[in-house]
Every structure is written in C-alpha cells, then in structure tokens.
Amino acid sequence: MSPMVGALSLLLVILAGLAVLPFFGSGYVVSFSIQVFMWMALAGSWNLISGFTGYVSFGHVAFFGVGAYTGALLITKAGWHWLLAGLAGSLPAAALALVIGYPCLRLKGPYFAIAMLGLNEVVRALVSYFEGFTGGGSGVSLPPILSIVPVYYAMGAVAMAVTLLTYRIITCQFGLRLLSIREDEMAAEVMGINTARLKLYAFLLSAVFPGIVGGFYAWYASHVEPLSVFPLLTTITMIIMCLFGGKGTVFGPVLGAGLLSVFQELVWARFLFVHQAIFGALIVGVVLLMPRGILGVLQERYRLPRTI
Amino acid sequence: MTSVQITGTMLFQLVVSGLLAGGLYALVALGLSLIFGVMRVINIAHGTLLMLGAYTTYWLFALAGMNPFVSLVVSIPILFVVGAILQKLFVHRVVNAPELSSLLLTFGISIFIANVAMLAWSADYRSVEFLTGSFLLGPIALSKPRLVSFCVALALTGLAFVFLHRTKTGKAIRATSQHRDVAQVCGINVRRIDLITFGLGAALAGAGGSLVSVMFAVYPEMGQVYVFKSFLVIVLGGAGNYPGAFFGGLLLGLVEGLASLFLTAQLSEVIAYILLVIVLLVRPTGLLGGRA
Amino acid sequence: MPDASILDIRDVTKRFGGVTAVNRCSLALTPGKIYGLIGPNGSGKTTLFNCVTGIEPRDEGEIRFKGERIDGLKPHQVARRGIGRTFQIIRVFPELTALENLLVVTREPFETARRKAQELLKFVTLERLQHEYAGNLSYGQQKLLEFIRVLMTDPELILLDEPAAGVNRTLLNELLAAIARLRDQGKTILIVEHDMKVVMGLCEAVFVLDYGEKIAEGPPGVIQTDERVIEAYFGR
C-alpha cells in the first residue's frame, strides 16, 4: 500500500502548490497555467470518447467552439457572470453531442472520424453565417478581463473534474464496457452490452467539459472568432497530447498536456515561423515511435494498474 | 434576399459549371479513393499534395513560361515520386494500424509540408494567368480555363481507368483493394502495390493542383478544402468503387452548383455535410453501390 | 410440438448480394439437449448463428426464442434474453485482463460477479492468470476464457462455434465434460464443430447444412450413414 500512499501524498503536495501558485507566481506563470489546465481538460475529454471506445472524434474542437460562443454571447448580450456563462457552455455542447452522436456513432472507423471532421467545419460555417447574432467572421469581443486569477481556479477545477471523472469511470463497470467497445465492439454487443447507448453517454461526457472550457476561454481571451475557436489544429493538439501521455489512462492526458505545453512554450515560441513544421514532425514522431504514449509504455512494461 | 427570377438559362448555366467543377473533384477524389481503397488510409495530406502540384505548374509558368497544361508532364511524375517517398518513409508503417494513426500521421505530414511551402514561397496568393475569358455558347458562358481543365481532368481520369483495368499493375491494385489478404496469397507484392498506389494517388492530386492553378489562387493552404470534398465524393460513389468516384465527383459539383442558386457558399457546405452523413447512414456502400 | 422448443428457426433465409448463404432453413431445439450443426465449409453454419444472435439480420423467416420472436432484435437484446455464443475466431477483449473480460459482461452486483468470475476461472484452471491481459494468453487459454465468458451471463441457450478447434486433448476432454455438465443443469447447447468425434460423442441430435439448406437431421448415428450427408462431404 505504500507506493499508493506515496503517490497520493505527491498528488496532494502538487495540488496544494497549484492552489497557492497565484499568490506567488507572476502573471505570466498564471496565464501559462491556465492554458495548461485548458489543454488537460480538453485532452482528458477527448480521452473519454476516443481513448476509451476507440471512436476517433476528429472534430472535438466543435464542442469547445460552441461553448466559447455560448459563453461570449451570454456575457455580452445577456450580461451573465462569466462563471455561469462558462458553465452554461456545456449545455449546447451536450445538445450538439446528442444530436450528432446519435446518428454518427453508428459509423465505424474512418467514417466516424470524417463525419466528426465535417461536423466541425459545419458548425464553423453556421457560426460565420448567422452574422447578426455571432458577428460573423470578425467574432465577438468581450469586455477586458481585470484579473485572470479566478479563471485560473475555474480552469484548474475543470481539469481536475475531468481527471477525477476519468478515474471514476475507469474503476467502474461503465469504464470496462467502454474499453470492451474499443477492443471488440461486436463481441461486446453479442455479450449483451448495449454499445450504442454507452458510446452516446461517453460522447456526451466528452463534449460537456470542452463546452465549459470554451466558455471560460472566451472570457479569458476576451475575444472569440470562428478561426480562433474552431481550428482543426486544436483537435489535433488535444489528440496528440492525450496520445503522448497515454490514451485510455487517467493521468496520460494530464501528463501529455503538461509536457507538450511546456515544450510548446520553450521551443515553438523561439521558432515562430517553423513551429507548425516542428509540430508536424512531432505528430509523426509520436504516431510512429510511441503510439501507446508514456504511461501506456510504462503500464505495459511494469504491469501498472489501469488507474494510472 | 431579393427576388431573382430563376430562368432556364441560369439553371443550365449552373448545371454546366457545376459539372465542370465536378470533373476536377472526380480526378482529385480518385487519387484519395485509390489510397483509401488499397490501404484504408485517409490521406489528410491529399490537399497538400494538390498544392505542390499547383506550385509546380505555377513556377514552371512564371519562370519558364511553360503552358500550364503541358506542365502536367512534370507535376505528375514529381508528385508520384513525392507520394512514393512518403509511403516508403512513413505511411507504410500505419497501413494496418487503427485509423487514428494514419489520420494523425498524414495530418502531421500535411502541416509540415504546408509550413515548408510557406517558408519557401510565402503565403502570398499567386495566380497563373494563362487562359482567360469565356466561350459563348448561345446564352451560356463557359469559362475557358474551366472548360479546358475539365477536359484534361476527364482525359486523365480516363487514362487512370485504362491503367487500372488494362495493365497488370492496375489489376493488381484493384485486386489488393478488394481483398488484401487474398491478393497477398496470390503472389501480389502488396508492399509494392501500396507504394505505387500512394504514388499514383499523389500524382492525381498533383494533376488536380496543376489544373486548379489556372482557375484559382495558388497558396500554401489552398488544398485543404479538397480533402473533405474528396472524401465526400468517395462516400457518394461508394468506397472501393472507382467508377463511383467519378460519378460522385460530378454529382458533388452539380449539387454545389445548384445549391449556390439558393444558398451561400457556407450553407452549401452544411448541405454537403448533411448529405455525407445521410449517405453514410442509409447507403454505406455509396449511392452507386460499392463494397462496404 | 413447436411450443416446447426453446429455439425455433423457421424458413430463415439470408442473402449476401446474389449469394444465398442460408436458404429456407428450419430447425427446432428442445430444452436441455446438446445439438450439433455440421456441414462443409461455407455451408452457412456461422451465418445462421449470426442470424440468431442478431449480428446479420435475416432476410426472411422467423426466429423464436422461448416462443417469442427475436428476429429483428439487436445483438445485445438477443443476448439479454438468454442466448450466449462464442466465435469461430476468438473474440476476447485482448487489452482487458482475463478477470475483466468476465466482469465486463455481467449485469450483477460487483461482488457476486467477482466471486462467480473467479469460480469460473478456477473451473478452467485459469485462476493464476486472472490479472494477465487476455491478449497475452495462449490460443487454447483464450478459447477457454471466451467459453466461460459466455457462462458469466447464465444464458439458457449457448451457441458454440467450433469450441474444440485448437484446444489440446486434455483441455478438450475437460471442455466436453463442462459442456455435458451445462446440459445437466438444463441448458440447451448448439455446437458447430468439424471434429466428428466431438459431435458424435456429445450431441443428441445433429443438423446438417449444405449450401445454406438443411439436408438432414437426426441422431448422430443415423446422420453418419445418410447418403446425402456423405455426398455433401465427399463430393458428388
């Protein structure tokens, strides 16, 4: 039991450190941490559907974007408090997941991935089209944000919630069943598992958090526009973070988001003009060299439990 | 919306220009379809390869004054080689992997190449001003570059079919896409077929790029829209059904042309998506029937 | 007496494009017996299994389980009514452990499920390997795991697709004994099997398929001498 206790106390120390960070860290550190939390939540959410069931959501940023617009509009047009507006971002994201997931989760393999890719393009097109409401291509500007510290805690809470939920799922039968879909969906069906319903549940859960994160992001960034909240690159980034850390694990997305965010900050900022090329090379490297991710490899080599 | 009288001529004009665009879609989609059929890999870099073809034509035109249509004899072999290299170095390693690997891998390759292209050639919009103006056919105006591109696209598609049906290699490609394992057992070198197929797919994308360059602006991200459209074409025609890809291309062009009558370009994208999902759900083998 | 049958397949037809894989096939199973389903390769045995379990919906005909129509149900609905099956090609969940492979399919509370799973693992001597990934087990072990996974849900009707293939002699005898025991508990079992010794030794009645049609049915001894059966197997 002692490694368990050790890991737990380490976790508590890290959490305590993060809790007091805004009192000591500079604005830059806090701002950077917000982005790391955001990526942790996004990568963790993608993990819920794709890491567990194997259905590749290739347009997951759509839920983020929908949440961002909801938050932005509720703040600017309805005068909502940003916290409420951000949380409300989850509702249209969930609705979208339901409407799209119900038909599309029947599609197998690459067809599902492409349908999701298309979904994102469509949502972006619709947002641009309803100009009167969404500001079209120029987007929505929000009042300037006075302190980012509250956003720090809010975003951190979402990242933590996603991670806790992942842990909860992985330790119950729902999680096992999602994994069985990834492993062999037909066998799961024949064994009496209602795969269609479970996939939809997982999809819903995986859409809710990006919606909230999007809502908070709108407030944090003070501006949303179709190009900034619907890029395919954001989907790819959350996928690659999850993959790098280890998909289908609890802390994989956390680790991947943390490491790659730091990498991004250190390397990409210095090579502004080639950062896309570097990212492209990184993707190729992760896919070819470590598709199981850091935790996946450790898990296999040292027979670690699924709950890491 | 102001009430515009829709006349028969207008409709006919839209049908014709829709079909002209569709011929190009068919050519580009055939490349994606070949790769998808043989390897089950969705090549997200397909649009980037198209962009490379367009730049090949642009530079040959700008620097050497070469006729863009003649430049096909350069862009096609160049892209074939590029495709074969990509296959040899990277793609062959994800052929039997889950779709996530190939989607990410080809996306990574795609942004890498696009970034390098931007560094080398800047993000400026460039154009190949070769053929301008229109042929007038009674009340119908046919844009010259589009018409010629359409004819060339048709000819190239036809050539590709002849290759697939008449040559030994072409037959081996079709056999592999129908039954990979059986093809292997029958003595077909599947690895070699993969290589040729990816080269061929890239070459078709490159040819498409050369043809696009006489109609639209050339810039590093120009190819992106073609990936999703090509996939839509494959789905319409039925995966693994290569003639289906041809008709799917024409159909998509037609639908887009007619949709432009009633909808903005953005909303026609929505229509295209809904079409995709419906076809996938109701007729997963494509409108023309293919192998699931 | 159709009412007494647990599974009643009537005039079921299944086509793939122009090929008729199962052609107006009818068979009825009485509860508590072991049946064999034999026929040359490609005669439609697995397709018939797929029709019953809802994987490939039948085109024509009726399938009744305990008197109720089950054709048109989804696979998980069929399974929950009490039909379990194994596959010709093993379909365990490779990246779940042996124990998890069992736990994932049950609808019982966790503790009872766990106890039951461990009993079953012991039953096929896999208890030492319960925390091993199923994908790391040997072929025969995976086969056994798939077999006991079916038992986790306590189905009344069990369809086994070539249970003996690839299992060594010692294990096979235990497997056959286990199947016989299940019958004694009142379960009905339908086995697709190529190993005639297994079929003859275990089954009370045998159905023979050829080109998707049922060409004979009866006790194994009678079937063995049936001319049409011999013809189907040894050519004409």
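Chains here go by letter, A, B and C, matching the order in which they are written, and residues are numbered from 1 within each.
In the analysis below, contacts are C-beta pairs under 8 Å (C-beta built on N, C-alpha and C of every residue); 3 or more make two chains touch, one makes a residue touch a chain.
Bear in mind that the values here come from a model prediction, so they are computed numbers and not experimental data.
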Centroid comparison with chain C (C-alpha atoms), farthest chain: B
Innermost chain by mean C-alpha position: A
Separation of mean Cα positions, chain B and chain A [Å, integer]: 32
Geometric centre distance via CA averages, chain C-chain B, whole Å: 47
Rounded Å distance, chain A centre to chain C centre (Cα mean): 42
Residue numbers on chain A that touch chain B, as the complex places them: 50, 54, 56, 58, 103-104, 106-107, 109-111, 113-115, 117-119, 121-122, 125-126, 128-129, 232-233, 236, 239-240, 243, 273-274, 276-277, 279-284, 286-288, 291
Footprint of chain A on chain B - complex, ascending: 36, 40, 42, 90, 93-94, 97-101, 103-105, 107-116, 119, 228, 231-232, 235, 264, 266-267, 269-270, 273, 276-277, 280-281, 284
Sites on chain C touched by chain A in the complex: 53, 55, 74-76, 78-80, 84-85, 87, 91-96, 100, 103-105, 107, 110, 149-150, 153
Chain A - residues contacting chain C, complex: 173, 176-177, 179-180, 182-184, 186-196
